[in-house]
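First chain A sits with chain B, and in the next complex the same chain sits with chain C.
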Partner chain A sequence: MSEAILRVENCCTWFDVTRGLFAKKQIVKAVDNVSFQIFPGETFGLVGESGCGKSTLGRTIVKIYSPTSGKIFYKGEDISTLEGARTKAFRKQVQMIFQDPYASLDPRMTVGEIVREPMDIHGLHTAKEREERVVELLQIVGLKPDHIRRYPHEFSGGQRQRIGIARTLALDPEFIVCDEPISALDVSIQAQVINLLEEIQKKMGISYLFIAHDLSMVKHISDRIGVMYLGHIVETGPSHLLYSKPLHPYTRGLLSAVPIPDPRRAKERRRIALSGEIPSPINPKPCCPFATRCPNATEKCFQAMPPTVEVDGRQVACFLYEEGG
Partner chain B sequence: MDQTVRPHDRPLQLPPDAFELLPESEKNAEFVAMESRTFFQDAWRNFRRNRLALVSLCFILLMCLLAILVPILSPYTYDGMDPSSLNQLPSLQDWFGTDKFGRDIFVRVMYGARISLSVGFAAAGINLVIGVVYGGLAGYLGGRVDLIMMRVVDMLYSIPSLLYIILIMLVFGSNMFSVLLGICISSWVGMARLVRTQVMSLKEQEFSLAAFVMGASRSRILFKHLIINSIGPIIVSLTMMVPSAIFQESFLGFVGIGISAPMSSWGTLANEARMVINSYPLQIVWPVLSICFTMLALNFLGDGLGEALDPKKR
Partner chain C sequence: MSVLSVEHLSTQFTTDQGIVRAVRDVSFSVEKGEILGIVGESGSGKSVTMFSIMGLLAGNGTVTDGRIILDGEDLSPSAFSSEKEYEKKMCAVRGNQMAMIFQDPMTFLNPVLRIESQLVEPILNHTKLSRKEAVDRAIELMGKVGIPSPEKRIKQYPHQFSGGMRQRIIIAMALACNPKLIIADEPTTALDVTIQAQVLELISAIKDEFGSSVILITHDLGVVAQTCDRVAIMYGGKIVEQGSAEDIFYSPNHPYTKGLLGCVTNPESEFSEPLHPIPGSPPDLLKPPAGCPFLDRCPNAMRVCRDYMPETTVFSDSHFSRCWLNQKGGAAG
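Coming up: the complex of A and B.
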């Protein structure tokens, strides 16, 4: 396999939420010791329930947050050491599609200005070429050139997300973090946007980090998937393997919650209902984060962090698969 | 029964050579090219639709014009006394009448407009620049910088502005500069606070993160995205600031510590007229009406501008 375009090594993003001067230090470990790789032209899906740190991880990768510890390498270069012109080069190649198409476009700019802005910032092309490029980009995402003079509020959610996608494409990025790009959209529109993203990937060979909580969508678009729980990645693997034979108890529970659009088959399926509360992400105990809800939990799980082991071409963080365990 | 076949029931039979290729020039016929307009052209179009705001703008422009021209063109001056015609009623010679020294009130009101309007606009302008930059920086940088910047603001705000003004008057004398300085020294604080809260809430929105991810510089994000998006509240508070500065100056004039005689502002004129209010009540009407109409016009203008600059209200 070729060199990874993005390599995340033991990345931690913690937030200090201590209130008051003399209060006990409170730390939210939004992302804790996460490692994975993304290869050129690949789509890496990241799933997990709300609040598990998916978006924080995505934002750490595009340098909105800086990691508390650990390293993120983009094309072999540690992104936290980038400075000046090299940061700008990084910003040109790595883009992000945001979750909320209503908040991610500046309401006082016209669509043309929004799509042109990245080119203005990086000083690409002449003024005339930029105008042409804006029209071209709008056509790529399926909007009409005469939408240029309109304002974002005149568009529907799906159209706005297309405007956002056109903006990210303006710089010809090589890697895009899609932070739940479809969760704010209608189901019918979701499919359109997903198809658009796939089409663009085919045409331009972009790699995606695709963050979502809709499992069937992620399965459809991703080559490999990482399952996140409370700041940790509990399982990574090729999407077909992960879906046909989930290893980690959390993945199993998550997959059994996916609705099957066939009542007969749905009846036959054994659903694993997860019980128990998600532990608070503030000052978590140094043990398996899933132990409190895990049907297979043993004494061991409450005492130590499970190691990440390689099983069937997948990485699982669970004591069930430990050598000799 | 009627056996006629209606036209659309009949299958349409057209030979292939009845069709013709669309000429290249008409292929883009559906493309609606909108005239290219900038943000401010757009805003101006919207502004014009608001009659009240337009009338207000005309009134203010007229007032400015009169304030500049009348003292130059009129045969009277603001301090020219005429002992032969004291406390006259309005006439063709003296449109608003004369005061107790025989000075023409129309010229004095217009001369007062010079001072009142320039104090109002200058104070608003200074407040705008300082308040927006200071508040914008505090809100955007946040954290410790914000904490220190806002404590400075609190300190300035905790001292009554009248005290500043009196102190400044003592040092610099009672002229327009010290009035302006005194008004501005504490009133930019309101603007700074307003802009700070706006910027703080806007900077967490995804569009400002998006600009950051694109590689936009901090100043670009602050000025092009955050401050532009808080322009509505800024304009509204700005148009409130002009009348409040005029009012404050008038108040200073009224209590006798503003612009000194024989120069006049609307406040000092009202104060002088107050002394003769029992015998010549008409004299106080002119400066008071000027103040009232100017403030009304500025408020309408502010509303109109706020609406015109908001793309969502089109």
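Coming up: the complex of A and C.
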């Protein structure tokens, strides 16, 4: 197997939310002891419900947040040690697509300026080449060259997301973190953007970390998927295996809650109802994060953290699959 | 008899840029005890249709045409002599005979009032119960929608509840007076999948227990497949196809319906099938096309589609579609 482009090792991103001088320390463990790898040209999907830490993890990877502990290696280099010019070089290779195409584009800049800005910052190409590159990028994402002089408010949500993608591609990145790139869009537009992302990947061999809560779309685009719950990755595996035979009780519950667009099948399939809601991530107990909602929970689950074990080509953190368990 | 029947409803908004014809000639009905799904993209007019029925249009919006009949009673604004009369009637109907569940529960709960006063209000307004009886009824409702220890939690404020629990409170408020019709406007869009499954199950259970009819507005075809008996597909302010859930999913007729189904994937399928997105974007309702609103994005568009809206083709008692492809001689005409 080839060398991983991104390797996350025991990454923790914690936030101190203590209020008051003498108050008890309160820590939100948004990302807690997470490890995974992404290989070149691969799409790794990260799913989970809101508050599970998937966006925090994505932002830690692009160095918006720095990890509390643990290491993140990009092409074998620990990104937390990067400084100055080397950070800039890292940012040139690793880009991000944001969720809200209304908030992530500067309303006072024209589309041409928005797409050109990353090249200006990194001093790529001559002025004339940049102009040509902007036109080329707009064509890649399916916009017209005469859109250059228009402003973001003149575009629909789907078109704005295309502008965002063009800007992301301006630096020829090798790795893109897509943080819920389609959840603000209409169904018919979502499919357009997904197809565009797949096309770009095929053409340029970019690796994606695809963060989303829409499980059907994640399955469609991802080669491998990690399921997050309360700051932990509870299961990782190839997407078809994970969906056909989920191992972790949370993955099972989550998948059975996904509505499927087939009325007959929807009526006959059995839903594993997950009762209750996600517990607070402030000062979590050192036990299985899912224990409070798990239908298979035993006493052991409330006492210790389950180790991550390898089962059927997947990594799963659950006592059910522990040796002799 | 239908609980609600809407005939040829048209609604428009006056804006600085001109008149937006948000809903154009929409007709549908809701039978007793059924869940009707209304599917459409943003701007297709699905929410405006519901606001027109509830009499909750913004100040610049007017119902220009059509009739709205709830349980045999004409509730179209044109049936009243003055706006005041209409408003008075609607105040008695809203929350009593029909109620609405909104997309974002936090926006529709008052953050500075306890749940108790917000839940008791519709009961006191529409029934002759005393305050104490109303509180008991409110606690009973909270129990019915699955909120644990309702006696305690009724004293709390909205911010002390999670998103799913807030949506349950909104549902309890909607149920307060046993309405004949509940309109749920994207009730689960703001919620996570596992919570969404809980809320959808609750809505189905309530429909059975209270015998209410439900209109469920959504853009998620999975939610429709799981919950709805009948489905209406809206596009550009018009209903383009209507049918039972099976009609829509297994024998879709309108190119837009087919297009929508090509945009979703089934997470249960072994291999991921390619997506077939609909090119382009929805029409501008400031200048609505004279003909079919789907014209610009339709793979089968013909010359006739540009100038004339197709008539309704009836396939069965429940399945209708509006497309020139179904009209004999349509291609020539």
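Of note:
We take it that the second predicted complex is superposed on the first by the 325 of 325 C-alpha atoms of A that agree within 3 Å, B and C clash if a C-alpha of one lies under 4 Å from a C-alpha of the other, contacts with A are read in each partner's own complex, and residues count from 1 in each chain.
Here is the rule we use: contacts are C-beta pairs under 8 Å (C-beta built on N, C-alpha and C of every residue); 3 or more make two chains touch, one makes a residue touch a chain.
Since we're looking at a predicted model, the values are computed, not measured.
In the three-chain model built by superposing on chain A, chain B fits alongside chain C with no clash.
When both complexes are overlaid on chain A, the residue A:Ser104 reaches chain B alone and has no touch with chain C. When the two complexes are laid over each other on chain A, the CA centres of chain B and chain C sit 80 degrees apart as seen from the CA centre of chain A, to the nearest 10. In the superposed model, C is the one of chain B and chain C that contacts more residues of chain A. Contacts of A:Arg271 after superposition: chain C is touched, whereas chain B is not reached. Look at A:Ser188: by the touch rule set out above, it reaches chain C but stays clear of chain B.
Residue contacts after overlaying the shared chain place A:Thr56 against neither chain B nor chain C. Applying the stated contact rule after C-alpha superposition, one finds that A:Met96 touches chain B and leaves chain C untouched. For the pair chain B and chain C, the least inter-chain C-alpha distance in the overlaid model is 8 Å.
Against chain A, the residues of chain C that register as touching in their complex are 41-42, 162, 164-165, 192-198, 200-201, 219-226, 245-246, 249, 259-268, 270-272, 274-279, 281-282. Interface of chain A with chain B (complex): residues 59, 62-64, 87-88, 91-92, 94-96, 98-100, 103-108, 117-118, 121-122, 144-146, 148-149, 151, 153, 164, 167, 171. The touching residues of chain A, when paired with chain C in their complex, are 49-50, 156, 158-159, 186-192, 194-195, 213, 215-217, 219-221, 239-240, 243-244, 253-266, 271, 273-275, 277-278. Chain B contributes residues 31-34, 36-37, 39, 205-207, 209-217, 220, 225, 228-229, 231, 311-312, 314 to its touches with chain A in the complex.
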